[in-house]
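Both complexes below contain chain A, partnered by chain B and then by chain C.
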Partner chain A sequence: MKRGSLNKYYLRKISLKAEEIFFRATMLFSSCIIIFILLLIIYSILQKGLPSLSIDMLTQTPKGGFYFGKEGGILNAIIGSIYLSLGATSLAFIIGLPVALFMNIWLSHKKKLVNSFRFILDLLWGIPSIVYGAFGFTVMIYFGIKASLIGGIVVVSLFILPIMIRAIDEGLKSSSVGLIEASYSLGSTKTETAFKVMMKQCLPCIITAVLLSFGRSIGDAASVLFTTGFTDHIPTSLTQPTATLPLSIFFQLSSPIPEVKSRAYAAALVLTVIILIISLSSRLFTIKYKKNRINF
Partner chain B sequence: MKGIILSRKIKNKLNATWMTIWTVFIFFIPLLLTAGLILKSSILLKDHSFFNLVTSSIWKPLSGEFGFLPFIISSLLVTVLALLIAGPVCLLSAIHLTQYANRYILQIMQPVIDILAGLPSVIYGVWGIIIIVPFISEKIAPLFGIQTSGYTIISGALVLSVMIIPFILNILLDIFNAIPKELQEASLSLGASQWYTIKFVLIKKAFPGVVSAMGLGLSRAFGETIAVLMVVGNVASIPKGIFQPGYPLPALIANNYGEMLSIPLYDSALMLAALFLLILVIAFNLISRLLIIRYEKRFA
Partner chain C sequence: METLSVSKKVIPITNYQIPKKIQIENLNLKIGKKHILKDISVSVPKNKITVILGPSGCGKTTLLKSMNRLTDMYPDMEVTGKICIDDEDILHSGTDVTNIRKRMGLLSQRPYPLPMSIYKNIAYGLKISGRRKKRFLEKRIRHYLIQASLWDEVKDRLREPASSLSIGQQQRLCLARGLAVDPDIILADEPTSALDPISSQEIEKKFLELKNGYTIVMVTHVLRQAARIADYVIFMYLGEVIEQGPAYEFFNNPKTEITRAYLRGSIN
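Coming up: the complex of A and B.
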């Protein structure tokens, strides 16, 4: 090799090495910055939320209006959010579980149809929740229904339905065909295979799907903005408007009164803690039940 | 005995029937959504031309002038800026996590991504008001010699970029993991260094996947409502820079809908905004997801 080309070779090698070192540093930096942002978010919520958190905050409804009243707490929003999310999640579960089972057992031989169905569900998942909210509100107006708990439950359940179905579907998809065939060979019908074998096999996955949907429904503000409204009271029937945690944060944070603002920070802390618990418990479920799966 | 078998069979048939009905019902949701929004927004389109609505920048609903331009431009600015911030971070982090990172970092990152993805948008909004808004008004804007309250396009973009990071990162991780190990091994066995392999094999192969991941991130960012609404300022005029307040489409719907139903044209205009959102988001999703499917087929 000539001297010049050898020099060129080394130069190229060195520059590639320098490039690698530079990019490895930026890569590590990007991963660290993501961790840092999460810590920053949790820190800022804790820092503002902890001083305003008290027993009264968690056990009382706002007194004298949620925007102006200085007394009281956020019990109305906590209870309202739990009612709404429980209702929406169970409604989505009742519709979603059979659909996911149907796709994977009854239609298991029609791969193309199932795949296009998955595609549509993914598209539905991408629709912004504000569109569901605005559309749901228009339909409610058309039928003369006022902002109420039941309206919110229906709209939110439509919004989380694609997530629920796809999450259960992923679990069913990854379980083996051998299990279904073994069940058929013992003479069970499709219904029995679906609800007695597959459902048990995918139980951890179903629990994860339910937790995921619950987290989505408790945190979404745009879809409940018009459909459930806001109130200071704890709802006693399905037709009453209901306060939710995200809206309680959103409305009260814009108030000029510091006491009202502190209610918003407390609500933000409560909501974050709920989401953290959901996220951690779904992780634990997955790890704990993974070993109980039957593999062929 | 025969009776039991028969009843089981009947049960099975019945189950198949109602499940089919429910499955078909879900197919109808998007159609219903689109049809409803078109029906509602047609009232406005009857005496306003679509072209005028999109290019006019005068928003005076009470005197019947509906110019969507400020909202469309704000939406585009916030979304594209957010993607410009989040995109490189996600790409670098995804390469790091799939190629270089050891087990411990992976064990930390997985729950971190999960939690970031699960945090509600309103929490991001609160965080934006506590951290980002003062940061912009006290630290960043004075660097450029600008006086601002901090409720600006750039604050919205920053908050939005953090929100879409877990979303894009998850897709990118799947995409990089889908690339067959053999391709990289072949390159390494020919004497290429790991960085050379990443640069000329991995990124080249993953390119269509990366583009579609960004597309999905863009469509996710486009529809985000509450978090952006809380920090972006909400002034209905065309923003002249990134340190100006903006007013994206979802914020327009969220701020005004519900109160203005007494004016049919206003109601119809907001529905048209929702229709814009729906069509744009679905179009972006459709293109990106088709790209991903084609991409996955290549390695299957």
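Coming up: the complex of A and C.
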């Protein structure tokens, strides 16, 4: 009897050990795959793009015959992408922040309503960006608006709005009602609670939300394809069509000429570096602004 | 049977007639069908420490929150009755709720400092009341930090985030912050339950000092603490007030069987 239970004990111990080894191995394996793929992508972009990366590439707009291998650069697309993403992110932020605060402070007692709204936003998050592009395009045709920077900004901001709201919302949701009560009990109004207390508490989250949205908007090609158009010039007004990096990559990559193809990789390298800078600065900002946050 | 050492404060009979700060009459609070506070009628004497006792879930926090109108946060709470502070019914008054709340400082079970520096935590209350002059702010902040006996510990680090303080210091910061809105009532919901014994004692000591200028209402689970500092006790059970009266009488001469059982520690 005793021996049997002892055996069982050891069996259990061994199986637990095996389980742990198994899961640890799986995790290690998956992590390695991800890191490997990431390195592979960066390597291939670097290898194919670095040779064509030049000062001209970064400081010139496309000259005649650029897409056939002649001179010029992608400055139009770099500037265009930055204009577009800055515009779209600001617009989405101006709309998204009050919505997220409203959901969590004014509607804090209507859990069901807020949760169904969250569900809808999550659905919107999942919709492919080409659908936003097509939708925006239809609307623009209806109103007779041509492909332009402002059209792109509006469509892209619609596309990143769910991301923006939900990312800020997650931060607000996880802060305790105790903090809201503390603020109320000092005699603050809801608006003061929202903008002076909760916004400060969620500053790291808000920065992450902004940079996440910026990253999404600068990297997306499908939503700008019909709405922003493409041009060789740097736009000087909101109503002009605007080039973007993803589309620039797309057009150059579809060319049969090897020089142009390798320029596409150089453009991809530029885009990757921009996104990398954004991610890193998001980390830094988050660390910097975390210090005031009250941990629950 | 556990004997509680109540300091033999001789409560003069006139204590029954001391001025009332808060007077609650027939307060009922329901959430849907759940009747949480049942016909509460209590009075809180001015410039005394009133302790609310009772087993978990009996509605102590809810009673405290309704005094502060924090119950407004839950529109499905149906509150009826009267809560008079200085003879003004705050449940149905035309006064802005923010002004009502400014008359009370609230300490919660665990401290919730605001997500900003120590300095700004206290400046916050002053600023939303419209006081913005830097000289004035600095003077007041020093005053309230001294009052909460936190000044010596933080005077060199006022610009550091409040989250860098220890829990006990945070609770004293919350006290200072509450005092800064210039209330005359302090509501405290188990203010020492997250604190170590030393920090708890400091808060108790602070309360004993502050009661000359403030009316203090405190919820606690610790009978010994109640015995140490209470002047007046309100005992609740399942949403009802079972007994209220001067602390000395409550502890030494409980009137109901439920109270006796609670004091023996056989309810909880």
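Basically, the second predicted complex is superposed on the first by the 260 of 296 C-alpha atoms of A that agree within 3 Å, B and C clash if a C-alpha of one lies under 4 Å from a C-alpha of the other, contacts with A are read in each partner's own complex, and residues count from 1 in each chain.
FYI, a contact is a pair of C-beta atoms (placed from the backbone, for glycine too) under 8 Å apart; a residue touches a chain by one contact, two chains touch by 3 or more.
Values in this document were obtained by computation on a predicted structure and should not be read as measured data.
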Partner chain(s) touched by A:S185 [first = chain B, second = chain C, both, neither]: second
Residues of chain A at both interfaces, chain B in one complex, chain C in the other: 189, 192
Touching residues on chain A, where the partner in the complex is chain B: 16-17, 19-20, 23-24, 26-31, 33-35, 37-38, 40-41, 44-45, 48, 95, 98-99, 101-103, 106, 117, 119-124, 126-132, 134-135, 137-139, 141, 158, 161, 165, 189-192, 194, 212, 215, 218-222, 225-226, 246, 249-250, 253, 264-265, 268, 271-272, 275-276, 278-280, 283
Chain A contact footprint on chain C (complex, rising order): 65, 68, 70, 73-76, 98-99, 101-102, 104-106, 108, 110, 112-117, 124-125, 128-129, 161-164, 174, 177-178, 181, 187
Residue ranges of chain B touching chain A (in the complex, touch as defined): 8-9, 11-12, 15-16, 18-20, 22-23, 26-27, 29-30, 33, 36-37, 40, 88-90, 92-93, 95-97, 100-101, 105, 108-109, 111-116, 118-127, 129-131, 162, 165, 169, 193-196, 199, 216, 219-220, 222-226, 230, 250, 253-254, 257-258, 261, 270-271, 274, 277-278, 281-282, 285-286, 289, 293
Chain C-touching residues of chain A, taken from the complex the two chains share: 108-109, 176-189, 192, 196-197, 200-201, 203, 291-295
